[in-house]
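The two complexes that follow have chain A in common; it is paired with chain B in the first and with chain C in the second.
Take a look at the complex of A and B:
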């Protein structure tokens, strides 16, 4: 089954998002920051979608996506940012790195579930 | 000054003759006057964390000796609180004994309250807070709290100004706030047990296991408030050119005291999150301390409605 990688330094958000997705029969892997997310993706070829925070310690979410595209050469995994940020310049940076979408927190799972499922197909 | 800001002042003045004038002054100047019995004074000072100043009388306490002792004790215990002394005849501190003079920041007489007004403006309402900012902070915070505590009712007091530096509760979060019009911190303070109860994680036998859940939740609330604040008031503008300048924060665990290296008063909001089914209440203090830069003349609310703004929680697809 296609997996979703949830990357967030806040265990409150990480747990809530992961729990919601699991309740909706989706397979979830979690990571605590961008560095951890990069590592999880390297070691797990089943990950098809990443839902990631932007502001995180060690490595931020946008840097993680840029490394996924650049260092890992992975252009197929879909990425959605889930963040408190809505700055146009950050969104532009995300677009340039090929992210698929942007959600401003708080996470309202039921609003975006269908879209997430589509990105897994 | 924002029209709806208030500040709490402790009135240590037994004069029946001037009581009405002082109360009227407080009512007309956004001050909430608190009275206390002498034998409970230190207890109130210990437990009250959100005072703006103390209105003292040079006759309080009954004798000169007792008056001096009380003033010195308050000043030693809470030096961050300005003590303004009402004198019978003089509007200066000059003729007071050397020993007591340093305890007071200023003097006034009841016949001329304009002096007191100037002192209050100088020590309490010294920073101008735009109405749109004060109102917006409440709205942002209420929205974030509602999203995190869906089952609770959220109420908040009128925002107020404090000079106290005493920390409330057992856990606090701090996040730096950087923009071209403000530099400082937002601080959230709360108690652990009520949040654990609300989360269903409270264990009477084990007080230590679940505290990280409170930390994480408070951190996320802080993060979301700051994010919404940035989106509404800061946008893509760069921080001020002196963004490298910092001052140390000092926390005394023993005395539950935090210093931001400035005498500036704090902008404070108090929220009560009530569980209607159980009556349990979570108290959350939110303070804004603009200790590094405060330039409200550059403040502006961003017009997000203009282009492509997507509501929080919804997915904005990129092509």
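Take a look at the complex of A and C:
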């Protein structure tokens, strides 16, 4: 079963998203920041999709995705970024890193669910 | 002929040309070869052998001579043998020459040679015989006498033959050379002609192919640079290229059609953008507003600096949106533009759909925003489209309509209750509220007994209110009542707070006052009404109120025209509440005219009423009744003459009383006139002098005299009549009017200054607020008909109503 990696330093958001997705019969792995997310992805080949926050301590979400594409050479895993703001440089990097979905906070659970279903197909 | 056929023809012609050149070369060479053969095998050997003949003749001569001269018989015999051989050779040579003789000359020469040769041989044979027979002398003599002579002749003939042959040989060789050179020239010329012919054909073909292709290429280039799709390439022949050009032209025609369509569409869109009363803009990457936007946007934002602006500044600056919400909108725009369309779906719920924006002049606009993505062929959002509607007026109207609806509903509720009962309810409700207020103020802390009392009072109001179907009031009373219940039963959540409780009470009082106000002011039902009497207060059909509410409910709140119309209709209805037509107000006065006329020995007059679209508020009803009762009775009594007098003056038997309403200079003006004898100025003056109101010497204008009738106690009637002299004079009428802040005056309508009797009209002016215009009000037909009336005919006892033409 395809696993989903939820990366967010806020336990509130992380737990809420993870719980919501689990309720909807999705297999969820959580990570507390980019570094954690990177190692989780290294150790788990079942992860097919990442839902990640942008701003996080240790390693931000975009850097994590760039490392996944670069260091791990993983170009297949789809990424949905959760964000509160946007800048041209952020968009530029996101595009280069092949990020398909952007969800602006605050969001509704079913929006995330729908986007996940769309990107898991 | 198409190009394929023409190229095939060219190839075929080339092949034919090669064959022609080759064939003719072979043919000519063959002729030349035959001639060469003739020269080499015939002419040359014949010429050579003719030279041989000369030497053979000489050789024979030598052999003959050696034989004659030799004494040896053996040698002579040997010589004879040699002669035989030589003879044979010579004979063969001559035969050869004969066989190869050409022309008469040669033939003649050879015939001559042959004849000579025969003689020569016989002479030699004779000589040989003589020699061998030993007759050497005779042999010598024969030899020298015949052989040598014959030999000389022969020698000459043969020599001539040789010369002839040699000449023939030279001629043949020269001819051969000529022929060879002619052949070369012929073949060369033929080849040249064919090359030129084929070249010309090829050139024509080349031009036929290349020229149209070049023209097509030029046309393509020109169309590409000028975008002029009216260009066509002429078709000169229907070959493959011609067909291609036709196809090319059709393609250009199609492009032209599409281009025209595209131009038209672009124009349409441009026209729409220029004229639609809606703001439309698109947002490109970098949040910049695209230069193509609807012109109305400039009206909405009151600026022309739109293209290239950051939409966040343009739309949201000075709006009621918080900075966090704005940053969300900005983030959503960034998350959508140039991304997959799903991102729009995921995030569009965060885009603001209505904002309040403060304009530079300080007024606030309510803007309705609707967002949609513009997609490219890969379903990526290339731009965001934002439609902006200025709904300020719409929202205001909607709010007004809601308020009106509430008011109408409340009116409906009130009208369902009799005036008396409603009055009692309001009085008692206020008393309960007063009591509750006192209870709350007197108790700083919660007291359950007090709460019970508060509840009971409020509950009573609610019960009555519900009984009378006063729903709006019931609802708010219920809420406050439930607060009391909550305080009493679930005291953890609510606490006794005087201010809160008084506030709640105040809100009930406000609604109650609202009801009371509508009842008293709008519906004119002040006080308890007349118990058991006819409740003469409902001036507007209740059905009309229900229709108006229905109209309001039907109106689409998003449609400004609907709302405007509903608003207008409701406003009219509300304004017309508590109004009546002057016909209705003065119904009693007009109704009494027939009997009054009988009392005075007159014929009931015709009353002409011009309402001019005005009705009057019922609060003016009383003063109008009092005033016009008096004025009209005065007109009947003093103005209109008896039928006999009227007939004598050529007037119709029945008098005419005219009443006209109008609004002028902010005043409701009611003019009353009659076609009677007019104002008896002379008599008024006399009476005024009698009553010492003026002196004999006073010089008074007609107007001053007329105004005397407004003085207290003045009366012109010779005796107090049943009709008008009831102790209430014009001074009282004037007082009535003044109390209502109005005026009354007499205006002459003829020019007979100083006459005893002058035509006049009474002009009563009252504040405009006492009248209401009914223009544009949509009444249902029965009501409408009623308002079209202007003429009330009192000819008979029955009041008949006829429609004004």
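Note that the second predicted complex is superposed on the first by the 120 of 121 C-alpha atoms of A that agree within 3 Å, B and C clash if a C-alpha of one lies under 4 Å from a C-alpha of the other, contacts with A are read in each partner's own complex, and residues count from 1 in each chain.
To be clear about the criterion, contacts are C-beta pairs under 8 Å (C-beta built on N, C-alpha and C of every residue); 3 or more make two chains touch, one makes a residue touch a chain.
If you're wondering where the values come from, they're calculated on a predicted model, not measured in any experiment.
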item: Which of chain B and chain C A:111 touches, first, second, both or neither; value: both
item: Chain B or chain C, by number of chain A residues touched; value: B
item: Touching partner for A:100 - first (chain B), second (chain C), both, neither; value: both
item: Which superposed partner A:12 touches (first chain B, second chain C, both, neither); value: first
item: Contact residues common to both interfaces of chain A (with chain B and with chain C); value: 83-88, 91, 95, 100-108, 111, 115
item: List of chain C residues in touch with chain A within their complex; value: 286, 327-328, 330-336, 338-340, 342-343, 345-347, 349-350
item: Chain C-touching residues of chain A, taken from the complex the two chains share; value: 83-88, 90-91, 95, 100-108, 111, 114-115, 118
item: Interface residues, chain B side, partner chain A - complex; value: 144, 147-148, 212-213, 216-217, 219-220, 223-224, 226-228, 230-231, 235-236, 304, 309-318
item: In the complex with chain B, residue positions of chain A that touch it; value: 10-13, 55, 80, 83-89, 91, 94-95, 99-108, 111-112, 115-116
